[in-house]
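Two complexes come next, and they have one chain in common, chain A, joined by chain B in the first and chain C in the second.
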Partner chain A sequence: MKHNRRFTTLLNFAAVMILFVIIKLILGIYNNRAAESLMTQICYNIMLVVSLNLVTGVLGELTLGHAGFMAVGAYVSAILTMQVLPENIWYFPIALIAGGLVSALVGYLIGIPALRLKGDYLAIITLGFGEIIRVLINTVFAPWTGGGKKMMNIHSYTTFDNAFWIMIITVALLYTLAWSRHGRAILSIRENEIAADSSGVPVTNYKIMAFTISAFFAGVAGGLYAHSARVLDPTFFNFNTSIEYLVMVVFGGMGSVTGSIVAATGLTAVQFAMSRLAEYRQLAYALLLIVMMIRRPSGLLGVKEFSLNWLMTKLVGTRWAAFADKIESRLIGKHPPSVIMPDVPEYAYDKKSTSALETRTLGIRFGGLQAAEDVNLQLNEGEIVGLIGPNGAGKTTVFNLLTGVYQPTDGDVMLMGKSTIGKPTYKITDLGIARTFQNIRLFKSMSVIENIKVAFQSRMHYTLVDGAIRTNYYDREERGCDQRARELLQVFDMEHLAENNASSLSYGQQRKLEIARAMASNPKVLLLDEPAAGMNPIETQELMETIRVIRERFHVTILLIEHDMKLVMGICERIYVLNYGRVIAAGTPDEIKNNQEVVAAYLGSPDEDIAETGEEAALHA
Partner chain B sequence: MQVFFQNLVGGLQMGSIYALIALGYTMVYGIVKLINFAHGDIMMVGGYAVYWFTTTALYEQMAVVNPALAIVLSVVFSIVFCMLLGVLMDKIAYTPLRNAPRISALITAIGISMALQISAQLIFGSSQLPFPQVIPKIKLEALTIGRKPMFLQEVLTFVISIALMILLQLFVKKTRAGKAMRAVSEDHAAARLMGINVNNTITMTFAIGCALAAVGAVFYAQKVIYIKPLLGSMPGLKAFVAAVLGGIGIIPGAVLGGFIIGIAETFMKYYASDYVDALVFGILILVLLFKPSGLLGKNTREKV
Partner chain C sequence: MKKILSVILVLVLTLSLCSIALADTIKIGGIAPLTGPVANYGIMCREGIDLYVEEINNAGGLLGEQIELTWMDDTHDAVEAANAYNQLISSGISALFGPVTTTPTLAVAPLAAADNITMISPSATAYDVTTGNPSVFRTCFLDPFQAELLAQLSVQNLEAKKVAVLYDNTNDYSIGLYESFVKKAEELGAEVVSVEAAVENDADYTPQLTKIADTEPDAMLIAYYYESAALVLRQSQDVGLDCWMLGADGWSGIEKQLVGESVLLDKAIYCDSFSPDDDSEQAQAFVASFTAKYGKTPSGFNSLGYDTAKILLTAIENAGGVEDKQAIVDQMKATSLDCVGGHITFNDHNDPIKSAFMMGFVDGQPTLNTRIDP
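Our next item is the complex of A and B:
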């Protein structure tokens, strides 16, 4: 959570005011129409790039039709001001917002089918959209748009003043969105979609939301463009224009709002300055792109953001922080109480069932392969249960079935007596099943504490608007979330690493962070997939201790997959053994050790020569 | 009926061209998961290479002696030139980015695309140039549908394209190099451990794709009888659509997609020419909605 938020807001506002006055003064001195039009162009280009950055940089989905959304906004607003609304600049905002809304609606309709799928589909579908929209402008909508002819003499309502302030509002809103629980969720999707889903982030909804918001601001920017250029030509909104904005996003650094602003300003100015040397300029531009990508694939600023506080601390030193604290406390008075979330789940059993988790004849078939069949597990509240079996026995498949990553072809999963079949993964997390992954899936470029906060998602309630305008409710919930996240880190002895990057952690710490993140969603049942893999004996020993601690502290029921028999036999109260997708044995550790079928599954059947006594010893250890 | 067959012939011709270009997209995507946006421009370069060759003195002398050989030579020159360009492109721009985020390679592809277009513009000017008559304008009276005979150009485009596609399929399925290509497209690391030179295999894939694009360029330019710096953008985009339609990464898919796009477009042009582009991209969107992996694609899922 950022400190001295109100102070920072005030500071940024002051800086923006000063910037505005300076630009106005410069424009006043030169009194040059070309300069003013360049500044206006920079303003709406910044809006386009920052909004595209939300989808391509923050969400990590490639779109190739941003100019299409710009076109929708441009034409809708121009038609409104010229043909529908009375001729008065006071109606201009209505036209702009209407353009943005129609654009957002189109984005929403495209996003629903395209974003359900993983991969490059959004890129391809937006590419198609960008082409189709131009055809539609020329044909179906010709009565209003003038068809192939240009739409001329649009009112010149866009001025530097209004473009500047609309741009500032856009940037501010998108920035605050990025630093809210919603932005965190969107970023986590880019980092690792499956982990985001398992942390309770409704992935598809957030993708569509980000895409729709991006389309909205592109539409508004299109409206500004229409009333600044005064002529609309459908050929302007082509593939190359979309690409130009994409280039600016990548150039500035994917995901960095500051980078987007710098790149939009810089590249627009460069294009303007070189507009007489069109061909050589473009060649230089193309080569610059290639060299830039080879030298710095992450763009100019990477994911860094500029902050005035940071700059002032550099300049003035620690006194700045003290000053900031003082002003902040004047501004805010006393903090309203934080919203503290419970850290122990409430168990609400349906009817007479007392099992925390139960599966009934659970099975899944992939084509010809029956990966799991007739799996009946039963976990009592507060138990630690092991799930073991040779490699390829279907253990992780069972986890994927329990969490809704795969939909079973047979059987049922009952969480406290209620079926979870057919529910999406994030919903199941919300209901109380959290998991870790065999191959660690962290949000690598996010900090440790942010990793954990992502998983608080399903228990936080403030809305998009709360986040964007930073209401009291936002404050209270974020502060509560921060407090709980740090407490959780304490349990894992990691509070000193809170601000570190997740990818900088050691292997053992990464595994622990994954467990901590799973605990943040306040699960009733925790599924651990090989938690000790790659740990040395001392780390494993500590891990066993931690697992016992979290069971006591958070009243959680645990099912764990593990090959380390010392750990399994040491902490599991009961064990299920899986082979070829079926449960071949169940019982206490002692029963399992002496079960002939289990020994056979691990070491081959007794008929064969049992030579691997070493492994047998490991099983009995 | 007359109209139907006429459109069908035109559609098969266009479809062959799209299929040839789509193969380049699909092979590169299959092996490095990169949408090579410069591919359409490689095709444009192929057109200019033929044009340039026909303006040289060598060509003029040869044309006097043996016109057919001179034409074949000009096409071969274009193919070799495009292959070299493909190799160069991969070695300079894409090889350093093998492990970079995919979007970086994509932006590089866009950069190359722009660079090629502008270079063509600087060297040959931005206006259209007439494309030489590579395939003689001969009517094939034997192949007459209704009252209209087919042209040699139409038949040749189709036949040569199909022959090349069969050759490519044989190459990929039957040769050592083809096996290496398939292995690399499955898993770079595993292929490397089996002793395959991954980088060279990828470069070879680029070269083959570019050669096919050069052939496609000749047929396309012959059909529209001009060349210009932006020659490759729209056909390139549509060939890409064709590749996605058939299932990107799948060689027969690119061919199927190419023919579907070519035929649909030719018929649409006849009935409602304004909507051609909308139709092409509309088909794409519809197919993706109902079969996201493309017509011949298989659904794959990420291992969790």
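Our next item is the complex of A and C:
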């Protein structure tokens, strides 16, 4: 599926222009002030809902303080136009942007502590923030905001025209952001935070970024609100207002920009039309929401997006695609060369080191529990090494220590002679350790190819701005990334599934996709956590082939945890055996098979509790 | 099922959008919070206005034409109110009742002034509502006015030497009352011994009340609306604060919060714009017709609504119709009417000059204590 970016941009711009002219004509013909004020209100409501959607829908974090950001933008811009800047509408954009920036700053400051927390905690913190903002406006900032006495007679700078174009710019920017590597990263966090982290996505940074961007646009929308309402009453920016915007996001479908726009437009218009129903409006509105949520629990559009190309293809058929291709090639001439990322890692080895990965007296203690102790592993370049042991022996703990999910309490991890201790997971991925998970962690609602592209994150460099305005650099890197991702899928024989949803894959394919994703970050060392779990013998056989192929193809060193002894003995050159967090044996498969201590650990020795370990043996026999 | 539902929905929306055009009517709009947190006030004002309009229509209309009154809900929100106003203007109204609360009124007033549409709010108390808006009027008296009367009452009639105030520093109504009360009380020679601030709906005012009790005031202004004021009265008794309790018109309806605890109201007095006990001809006629229509005794807000309608419709009548907008404004300014709330005229700032009613309680029922005429 080819994407004609410039053509699409042109098409969308033309559509927006036509929409604007139509609305202006209708407003002009009817000369209806009510309709104009409704349209203006819809414009800034769309901005608020789309920006909230970025955090709640795309990032997947529930926030209950959006009205607080709106308030910051509203008051800052109103104070600027009323008390600081000269009285001229040309200063209005400055005031709006300033409102947005202050709001973004506040968002950033709240985001740093709040976004380290998850789920309900963030919701409560943002709820508290919304209230604090209101109280501050009422008390500390009252000399400027008027506090409970309200701010009034604000210049009526907001018109339908400027609100419309500011809204279009906002939506366009948030949309292009969503389709850049940054948007992909944010989406992957919603899908699976741990997997995103292990794919090289700096999770906390992206969360704060999304939160800050969201706050910025909410602030700008607040400025438009202030200069439209012309009265600012702190009580307006309360919990209920935040909830109202949240309802619109849910109504439209969490994560769908189109859904947000439709919901903001529809619900604002419905509220407007219902103001005559007086006592019954709340009832009617509530009924509408209930019916809607029962009929479409995932919102109007779910996660779908509307695209003109899609619509035209439906209407005109394949001729549309041909037409699009023709225009695109006219527009762009020849594509500038793609930025192709290297296929095989080129890492500088520390001179003294000969091993790819090495641990020295590695250990971790959780309170009183010593989960791993004095673990010394050493992996030579290009080796396939097994890590086995009974359940609860600490194998996954070792993986978590290697990837920085846990910080060790003792010892050191050396990747190509350099310590990785203290580095966050995404940095370690960046440095060359990739992993898969015992229980598959894919970005389920994303396509197969998008899953892979997320892991290219650490190897791409275009900035937020490149992504938002789609510079040549963005274009070249994205095309390079697409090409590499498809090549990688080819290696795993999954290219034909590229556009499918990850959740639609079979179990075996999901396992393979996870390995493919791990390879996308171009690792030096690949950690596989029970890759054959749940596979049938044929699939396991295929998996062994794949593991050998990727070792040859990508020059990667592999450490794998596995209970399937056929696989372990068949593929591993060396094996470490772990029990009670300690390495009890190391050697070639044959040495391990004949090691008395290992046999005792699996089958139980006369001194140990047979009932427990016997069960283990039965499981893996 | 789905079809029926959508058909109904479409019908409801269409009906609500199309104003049914009748020949020979005077179109007037009304904006009030009919839903939301302060719907109570909006509905009370509307009841009063509806009653007067109905009386006029039943008696043959205004200048021979029926009055067509369209109500819009503003939910106490500035943008909703402005939208409502724009919708009403598009449907061709000649004058406007409302809005009821301050924020929406501040949003609508400059719009109405720009269109030179006469607008009269029954109850928006903030001073700036009418400032710079010559076609905007109000029926209620201002917060400073009633606060001054309360200060006067406590110092002169109740002989209070030491006064205290409990108010909400985030609410302009409360701030306005507090500032004027303190100023007037000091002017009259009383000592302000204690001023405490607590946000309304806090539910627990004991810390503030304990501090106030320590200063042993003779009278205390509770600058809250009736629900919170009732709580304060209850908690005052708990902390042993025993003095005259004073309130402004926001106390209207407080007795319903304290059924069975009427002893708490024995030393309470509040200022209202109307008393059902008032023996004036207008008041008695209003109480009778209101009770007949709604089956309950009218409140202060009901009376404000009724007077609002009377003032505006009389001005339109004197202007000889709705064609000349400026004539309506001029007739409004020239108002001199006997109303339910006493004789009303307007000052240069379009604020009414009218009577105030000091309400005490007998067995928990509000009873006229003193009527103060301008």
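One rule holds for everything that comes next: the second predicted complex is superposed on the first by the 592 of 621 C-alpha atoms of A that agree within 3 Å, B and C clash if a C-alpha of one lies under 4 Å from a C-alpha of the other, contacts with A are read in each partner's own complex, and residues count from 1 in each chain.
Keep in mind that, in the parts below, a contact is a pair of C-beta atoms (placed from the backbone, for glycine too) under 8 Å apart; a residue touches a chain by one contact, two chains touch by 3 or more.
Note that the structure is a prediction, hence the values are computed from the model and not measured.
Of the two partner chains, chain B is the only one that A:A123 touches; chain C does not reach it.
By the touch criterion defined above, A:K149 lies against chain C but remains apart from chain B after alignment on the C-alpha atoms of chain A. Shared-chain residue A:T139: touches chain B and chain C both. Of the two partner chains placed by the overlay, only chain C lies in contact with A:R33; chain B stays clear of it.
Once chain A of one complex is fitted onto chain A of the other, the partner contacts of A:A273 are limited to chain C, with no touch recorded for chain B.
Looking at the shared chain after the overlay, A:Q282 reaches both chain B and chain C. After overlaying the two complexes on the shared chain, residue contacts for A:Q41 are found with chain C alone; chain B is out of touch.
In the superposition on chain A, contact of A:R230 is made with chain C only, not with chain B.
In the superposition on chain A, A:V250 makes contact with chain B only, not with chain C.
Once the two complexes are overlaid on chain A, the chain A residues touched by chain B in the first and by chain C in the second are 135, 138-139, 279, 282. Within the complex formed with chain A, the chain B residues making contact are 35, 93, 96-97, 100-101, 103-108, 110-115, 118-119, 121-122, 233, 237, 241, 244, 274-275, 277-278, 280-282, 284-285, 288-289, 292, 302, 304.
Across the complex, chain C is touched by residues 32-38, 41, 135, 138-139, 147-150, 152-153, 225, 228-236, 271-279, 281-282, 284, 291 of chain A. Those residues of chain C whose C-beta lies close enough to touch chain A in the complex are 5, 12-13, 16-17, 34-36, 39, 70-74, 77-80, 82-84, 86-87, 89-90, 102-103, 106-107, 110, 126, 128, 132, 168-172, 174-176.
Interface of chain A with chain B (complex): residues 56, 62, 113-114, 117-121, 123-125, 127-129, 131-132, 134-136, 138-139, 194, 239, 243, 246-247, 250, 254, 279-280, 282-283, 285-290, 293-294, 297-298, 396, 400, 405, 437.
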